[in-house]
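Two complexes follow with chain A in common, the first pairing it with chain B and the second with chain C.
Right after this comes the complex of A and B.
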């Protein structure tokens, strides 16, 4: 934040184009009513009849199985994204071929496409009766496909700008000193990309932990097998066990916040790295 | 050689995960002819779902746009205690599962909730449009703020100070200097907000009650059609939503080079 303040300049005496007290109050009020008040109600409700009940709800066998699966799938999704996302970013920046602009535009599609449509597209192609005879519906692999679909842009869009600004001369120097292309990547390119990759991976992980719409059709939602936490929470809500739903939600909330703080840490590390 | 391998791998991954599946939904929607697909998206339920989706977006997007601009100005230029906290709070919706958002609203406005008493006074929030609007506002709240903040940081305040020195009223400064400078960032944020508002499923699903012809948005309608084994309706409605998504991507492309 110190760097941000430096960009804006010394605290100005001007009040130009800065929201006054009333506008700021209204904006903060809006944020409170839309976001903070419901979340406070959620945390309040999660306590149920006390800590014992919270613990019991959060550690119900089905809830724990769902959470384990969610974290495992999110980790797998993050790993695949780290590799595939970096490769795609590399191809988009360094490679040259016809239709590259189109491919670049397509990367944003998962952000724009409604998640339920994403789920349906995967179910149509990789579900029962699909044209390739490949049926992964109602399996963990199918669920992972759905998560990979919706998280595709994160690593690509984080790595791309860094790769664009990377100085090719460094790589040329290494190559002229006899480094092979893999060694150049490992010792020059990769260390420069790492903060961006980590930041993209963290976003993808957080998104995968909470994803619902894309997963709900293809996972089949079989308890202890393909049921992820968001689907479990939805099920508990539908069957009227709101304190159980709230308890598991708070656990997910804490995980998401941890990841969010982690992203902040990576960003700070990255800006320090840039300045050196 | 390794270059071609990498290109082939990256494009293959994209095709396998993204292009072929989306293309296949278009194929399935139109395999029995255009008229068939048209009939499936013009049933009264489908039209009502589309209208409701657009109505909710028409309320949530302007609200989040005005909020986004004010909040971005406050975050970049304000000097007040708790700015860092406010900054983190704006990002919260990005880190939350949509289902949790829906659940939080149910717990706040449902029976026994802090604002559950509203229902007794004839103000229906849950299982009605207001709850769906609130859910949509929640999940699409950060986009305008996040797009406008970096641009505001970059432009600084010199021009505005000059205008002020020349006697411009603060609102005049905002309208003639600040707003033109951030307009593409605002537009980008609005497009992202709209896409999210139209496509939201989990949060809206939890609060809507999913009553056909009443509280069913187009994404909920798609899910209901799949559950009811009416795949023709599901694929045709998905194509409508996919076309909106493609229009979104095109809009982002048109806007992007102007600033990014």
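Right after this comes the complex of A and C.
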């Protein structure tokens, strides 16, 4: 019986490894309707009155300043998340303490909260009338805090399952061969976690680039100083400059796509032996 | 995952309420956000009249420009109440509102307000006139004129007040440059500006009188000063082409200028445009009141003002914003 299953199982597994035509069609069809079509429409809307105008809209000084700020903040946010998110995941998986379940549940709350509410709450907390006398509202630091709040779950949730699956015996073996705890982390744990950290970082970065609700109140929206791209784009839309808004959005998307592809490339390279 | 389902459910409910509205004696009202309470009261009063008996309403409130674009994109609307005439002109340009929408005895204007200064309790910085806003150390809160259509009233009030004080066009524009140097935060909407001011940021908030009254009603510790020269804000309503075919919508449109409806506006801090309703209200009329069409102050209506001041690239205000980080 077991032998039969093995014989029958082998070819069926290899067949299952490649998605059938129907599944592939459904997946790409769904992806097209839900994601690619709107993106194509956006590119279409950005064409405006030709490439010269597109370029002029996309390189307006305010637009470029907003873009630089947005990418800088998103990068900073992704970096902080990579460190803090991994640490939180580590504590949640490896440590035992009271209320762990609650902490684990709280991690996802930033996702559930409408981001505009998050912005309002952060403003009350970090604004001039805040309870801690910490006035970072309307500065880049305040904006970074808002982004960190809404992107916290990404790295934690990407790293947690990998850490759960990680074989502790590997670490014990390394330790028995004389590796210190830092060396165990550096040579055993970290390389195993890196692909997951990178996935989380990519998601956090993408989310930070596009975030609007959480930052619109706390950023202060001063052009060249604290105005991020999403708010700039919103302003162009409100002023009836649809093609300008679309042009800046397209630039933002292309740069984000480049960064995501780059992170994905590193991740694939790191996991190249897993896919043989 | 659950959050996604809840969001989808919300979208479905919204779509359902929009779809179920256009039957029989029902009126779709699409309005900008601040007069929500006033319209709520006017609608329930209207439903008690003979003309409004049995009429049901579907109400949608949001930022004025967003609402105009939603209607232009196909959202059902019989009556549009927006914060700026150009938002209605946008619909007139698409044939959704008749071109002569402003051709009633009130020029399509249903309520007025003025641009005022909201200051901290007791007015510690002694802010009374436009000149006080650009004194050293004063922080002025006003929304970003590109994200908030309403913020444009503030900018034009500042410009017009300078012109009225005898300044040339050049000097008035120079004043705007100076003014924006005193603006540490540009919130995205008038309401966001109010909540940021209430948080303790800034010395003076530029906003509409009705927002200032709203803040007082909500117990925010502020008081407001009406400068001697300021801009009269006029908010329009119009029947759409679909609304013109509905007797209920037409009756409600007319009802908006009734004494009862106008008093409801007044109770929410809007200046009534019907004299009978203004009796017993205490709106201060400053001597230097002007409108967006006071030609001798260089104000020639929203179309021209928008082109000259608020063009996203070439407008004077776009240049001012650019000079801030320059």
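Operating definition for what follows: the second predicted complex is superposed on the first by the 214 of 276 C-alpha atoms of A that agree within 3 Å, B and C clash if a C-alpha of one lies under 4 Å from a C-alpha of the other, contacts with A are read in each partner's own complex, and residues count from 1 in each chain.
We adopt the following convention: a residue touches a chain if its C-beta (ideal position, glycine included) is under 8 Å from a C-beta of that chain, and two chains touch if they have at least 3 such contacts.
Source: prediction; values computed, not measured.
A.B. asks: Tell me which partner touches more residues of chain A in the superposed arrangement, chain B or chain C.
C.D. replies: If we count touched residues of chain A for both partners, the winner is B.
A.B. asks: Just checking: does A:45 make contact with chain B only, chain C only, both, or neither of them? Give me first, second, both or neither.
C.D. replies: Touch partner of A:45: chain B, not chain C.
A.B. asks: Look at A:112 in the shared chain and tell me whether it touches chain B only, chain C only, both, or neither; answer first, second, both or neither.
C.D. replies: both
A.B. asks: Determine, under the contact definition given at the top, whether A:124 touches first (chain B), second (chain C), both, or neither.
C.D. replies: So A:124 meets both chain B and chain C here.
A.B. asks: Of the two partner chains, chain B (first) and chain C (second), which one does A:217 touch, if any: first, second, both, or neither?
C.D. replies: Both: A:217 reaches chain B and chain C.
A.B. asks: Just chain B (first), just chain C (second), both, or neither: which does A:26 touch?
C.D. replies: first
A.B. asks: Contacts for A:37 in the overlay, against chain B (first) and chain C (second): which applies, first, second, both or neither?
C.D. replies: After superposing on A, A:37 lies in contact with chain B but is clear of chain C.
A.B. asks: After lining up the shared chain so the two structures overlap, which partner does A:88 touch, if you call chain B first and chain C second: first, second, both or neither?
C.D. replies: Touch partner of A:88: chain B, not chain C.
A.B. asks: Of the residues on chain A, which ones does chain B touch that chain C also touches?
C.D. replies: Of chain A, residues 111-112, 120, 123-124, 216-217, 231, 234 contact chain B in one complex and chain C in the other.
A.B. asks: Within the complex, which stretch of chain A touches chain C?
C.D. replies: Its residues touching chain C are 60-62, 65, 111-112, 120, 123-124, 127-129, 137-138, 216-217, 220-225, 231, 234-236, 238-241, 244.
A.B. asks: What does chain B use to touch chain A in their complex?
C.D. replies: By the definition above, chain B touches chain A via 2-3, 6-7, 9-11, 13-14, 17-22, 24-25, 28, 63, 67, 70-71, 73-74, 76-80, 84, 86, 88-108, 110, 113-114, 134, 137-138, 141, 153-154, 156-158, 160-161, 163-164, 168, 170, 173-174, 177-178, 192, 195, 198-202, 205-206, 218-220, 222-223, 226, 234-235, 238, 241-242, 244-246, 248-250, 252-253.
A.B. asks: Once bound in the complex, which stretches of chain C touch chain A?
C.D. replies: Chain C reaches chain A through residues 3, 63, 65-66, 144, 146-149, 183-188, 192, 195-196, 199-201, 310, 312-313, 321-322, 324-326.
A.B. asks: Across the complex, what residues on chain A touch chain B?
C.D. replies: Listed in rising order, the residues of chain A that touch chain B are 1, 4, 7-9, 11-12, 14-20, 23-24, 26-28, 30-31, 34-39, 41-42, 44-45, 84, 87-88, 90-91, 95, 97, 103, 105-117, 120-126, 131, 145, 148-149, 152, 181, 206, 209-213, 216-217, 229-231, 233-234, 237, 242, 245-246, 249, 252-253, 256-257, 259-260.
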